[in-house]
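What follows is a single structure, written as structure tokens, with notes after it.
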Amino acid sequence: MSFVLGPNRYGKAETRVVRVRRDTARHEVRDLNVSTSLRGDFTAAHVEGDQSNVLTTDTQKNTAFAYAKRVGVSSPEAYALALGDRLLTAAPAATASRVQVEEYAWERVEVDGTGHDHTFVRRGGEEVRTAVVVRERDGEPTVVSGFTGLVVMKTTGSQFTGFLREDYTTLQDAEDRVLATSLTARWRHATTDGLDWDAAHAAVRQTCLAAFATTYSRALQETLWAMGSAVLEAHPHVAEVDFSAPNRHHFVVDLTPFGLENPGEVFHAADRPYGLIEARVQREAHECREHFGEL
Amino acid sequence: MSFVLGPNRYGKAETRVVRVRRDTARHEVRDLNVSTSLRGDFTAAHVEGDQSNVLTTDTQKNTAFAYAKRVGVSSPEAYALALGDRLLTAAPAATASRVQVEEYAWERVEVDGTGHDHTFVRRGGEEVRTAVVVRERDGEPTVVSGFTGLVVMKTTGSQFTGFLREDYTTLQDAEDRVLATSLTARWRHATTDGLDWDAAHAAVRQTCLAAFATTYSRALQETLWAMGSAVLEAHPHVAEVDFSAPNRHHFVVDLTPFGLENPGEVFHAADRPYGLIEARVQREAHECREHFGEL
Amino acid sequence: MSFVLGPNRYGKAETRVVRVRRDTARHEVRDLNVSTSLRGDFTAAHVEGDQSNVLTTDTQKNTAFAYAKRVGVSSPEAYALALGDRLLTAAPAATASRVQVEEYAWERVEVDGTGHDHTFVRRGGEEVRTAVVVRERDGEPTVVSGFTGLVVMKTTGSQFTGFLREDYTTLQDAEDRVLATSLTARWRHATTDGLDWDAAHAAVRQTCLAAFATTYSRALQETLWAMGSAVLEAHPHVAEVDFSAPNRHHFVVDLTPFGLENPGEVFHAADRPYGLIEARVQREAHECREHFGEL
Amino acid sequence: MSFVLGPNRYGKAETRVVRVRRDTARHEVRDLNVSTSLRGDFTAAHVEGDQSNVLTTDTQKNTAFAYAKRVGVSSPEAYALALGDRLLTAAPAATASRVQVEEYAWERVEVDGTGHDHTFVRRGGEEVRTAVVVRERDGEPTVVSGFTGLVVMKTTGSQFTGFLREDYTTLQDAEDRVLATSLTARWRHATTDGLDWDAAHAAVRQTCLAAFATTYSRALQETLWAMGSAVLEAHPHVAEVDFSAPNRHHFVVDLTPFGLENPGEVFHAADRPYGLIEARVQREAHECREHFGEL
């Protein structure tokens, strides 16, 4: 009996590249977690054990480090574009390369009110900036920018009422609740010409935050829609934006057994289970079954 | 300006359902982590904040618990099929339900050589059995069984040689190496009629283990192919099988500075970066861009 | 044969208490992870199964929530002092209570340059503020403030040379290296009278950061000493300060095989193994074998 | 102003040593996570930046690898004893060495009913065998064996009733409940002469499991006492045994809103908060404030 090789890809995941610019006494740092992979005609490697077409994952790692020096890291996107090009060139059997970058943010330590030249403190920790570049041999590369782990909370301005009720429904309407999530957002660029990637990223992130803050929420779904619409409205270079939002439930604690009222002041922050809401907002309807995470 | 709602889904993730059968003194335990979601016409919930079509994630959670009692848990797959049906019935606006189950295995504590009636110890920990059932309103449900975190290692019987060399290649040929991975496998069922889900799962898992053990490996890719082919060969009910295999690198430690030889005896088990190999083996070629993980 | 009950304690760990102050439209949030425990004469509970002296862990949890309302959370320390008192009162068999609080920081989302009234974003994620209060029936409570997960890095101003060399030493002198750590610090208060806990915490943290930045480092040990001395110098209310500092190694990547120089510009950030340096700085020598973590 | 260096120690944490014995075709594997540290007179390193007495953490790592070859790994304890001796010898300024080993268990993959010669599967994952050896310059080394992450559950044979009730108590008596924990145990050896470390470890672990299974539990405290007493009774070489047991709460789900009874059949396995019970059982009363974890 004979079988067929289906979809496949391979690469090096989580190469931790730290790039320091030290041309002047005022150093700059970019701290990346780089994952690369290749797709293409690698049937021989699987079926016959023939590795002659395989650009090894070790070489992919070496290239990730070398390119941090050779082209530098002006932004995760620019670095990923260059690295993805190189991998396609180096591996003739590949039909597409994929470079995924997570960036951890650092800010200068303040000493006497001034940012220090060469000492940094990690900003955030759960929040990570992301970029994915997919390059096929022909055509424009697909560039998806984003972030994950942006944890936000509203202590009012959110309700959840009027939902479907049936046999297994016990939830009561909530007229005023805490809404919190650890937001993942990814946006695909329609055009990349002349884009300042760092500035563009900061601007889209701020649009999401402001929309989260200022939109009265009748469901997390509505909040995602509001954020997505705001991003498309304000940023013409964005073609579509995809959200994944775990609902970090904050339950009002019943303090009546202790003779205490609790008008939305004391909450239990629960771990599991959690609602998980995923949605995309686009400029116009088109076919795209995959979530960006699978790009 | 107006925009369009793209792909979306919502549900309750990670409901931790533990089901005890105690009809006799000899108890049985099934320990599940259940995630459910719905797709369909939920535009009003997003765009207008109208929740009247929304089967809440809280209700989905209640249903997951109630069905553990009502239909029981004879297997993750059977439970997921019943739960997915119910969710579709309860939510008329949904066009599809998805139920994902992770199962944690327990075995009886041995006392005086006999398994105890009601005391159990977690077997494995990293290894988790998985099942995903996707049900659309029409047609047969898609059932994907699998496991994740099956950590395996060969201390010999593996090489990696003859690969592509170019400017950034420094890796040397390895004629005899340690091969280790934390294997994820998922297989889609062509037919489910009369299947004993627990027995079928154990059998496919054993086929993977035996193929890993007995195949001489010229690359992790070849090992995945060997496992996939063996599964299709031995299990006619499997239509295709998908693997994700992070290469857990074991580097030979250089002990020569200390006057010691190291013929493959002392290794450093590295964390990151790691090779990541993903491949699917099918009975015949067909279109399926998505990895099962995205089903 | 009969045996003896040795040291023991019990309590409720990781109660996730979120306290919102909403007296005005400008809300305030304190987000805590609270663990409480009791020590004392609980022999009957262990040896005879008699729970009549046991203040249950469930009651401890209830009290943690109720006290977030009753006394509020002006600071982790003030809240822990009140809660620890209550637990001792409620459990006559206890000789000591211990309350450990982790606090997650939130800051206001900026909208049009102003902090929003009721929308917050998690600041940090890895960094957590800590407080431990141990209260015995007699005497003053011990209050230890601190933080964990403060990730800092210097890209120059650090060396490591002149160390002991013997048979198993291969490390070369490093004249200029990256120094990075995820710092844990804990300081015991000599006096607590009139202390503004939040301001005092911010001040000690800033002293640590400034000392890390401005001290030329000949070893991580020396940096810990410098930080500890600076804290004791600047903050008379601190009796002693304890550090735990995993050395997050940044290895210079060898790019010479690719014809590239790398004068401290491209690093591999390694996970494991890592150096782990622990030290305490005190005002004067005294007996104290335990690390504060065990308080 | 001048200050004093208090307690301090330093070393290399989490060196991942994998040792393969391949003298015959039937390979053996020991998979270790090794952490070493030194205490002693290291004031100069801290205060003056003088590293001449410092056995670097890099050298400690090298020694951990070299000793896996030189003396082998017949057991974690034997390996740790040898490595601790060497570190004391190599670092004259140290007064004590500490070697902590975690071991991950592997078992042979079964092929056609027989264990394979060189292919292994990770057994457990959460469960880890532990050993700590502390060696001072004089006297016998302290050897503490143990395990962590042994997850056990009883579906009956456990109650919790008759506890203290006061203002904040809402918990109801439970006459029949699920009792589950992720057990950590550590036992100090009174004598080590002629001990077969692997056999002794397996025997103590089995004593704990059997006591957990066969003891009717009126509280987790009583179960710890029963396990500890059983260990001291059956294993004369054990001087004392220390337990840490997070109570993995399984809450009975209220199914009455759905017209279903739930006589202890469907549970919600909760994450946080959790009870945490810690206790030691000794042959006779003596001073020992520290938990073994701090050794």
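Which chain is which? They are A, B, C and D, in the order written, and residues in each are numbered from 1.
In the analysis below, a contact is a pair of C-beta atoms (placed from the backbone, for glycine too) under 8 Å apart; a residue touches a chain by one contact, two chains touch by 3 or more.
All of these numbers come straight from a predicted model, not from anything done at the bench.
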| item | value |
| --- | --- |
| Chain whose mean Cα position lies farthest from chain C | B |
| Shared interface numbering between chain D and chain B [over half = same, under half = different] | same |
| Centre-of-Cα separation between chain B and chain A, whole angstrom | 24 |
| Centre-to-centre distance between chain D and chain A (centres being mean Cα positions), rounded to whole Å | 38 |
| Centre distance in Å when chain A and chain C are each reduced to the mean of their C-alpha atoms | 30 |
| Touching two or more other chains - residues of chain D | 15-16, 62, 66, 167-168, 170, 257-258, 271-272 |
| Chain A to chain C touching residues, read off their complex | 15-22, 27, 29, 31, 62, 65-66, 68-70, 106, 109-112, 116, 118-127, 149-157, 178, 206, 209-210, 212-214, 250, 253, 255, 257-258, 260, 262-271 |
| In the complex with chain D, residue positions of chain A that touch it | 167-168, 170, 257-258, 271-272 |
| In the complex with chain D, residue positions of chain C that touch it | 1, 3-16, 35, 37, 42, 45-59, 61-63, 66, 90-91, 160-164, 166-171, 217-219, 221-222, 224-225, 228-229, 232-233, 240, 242, 246-247, 272-285, 288-291, 293-294 |
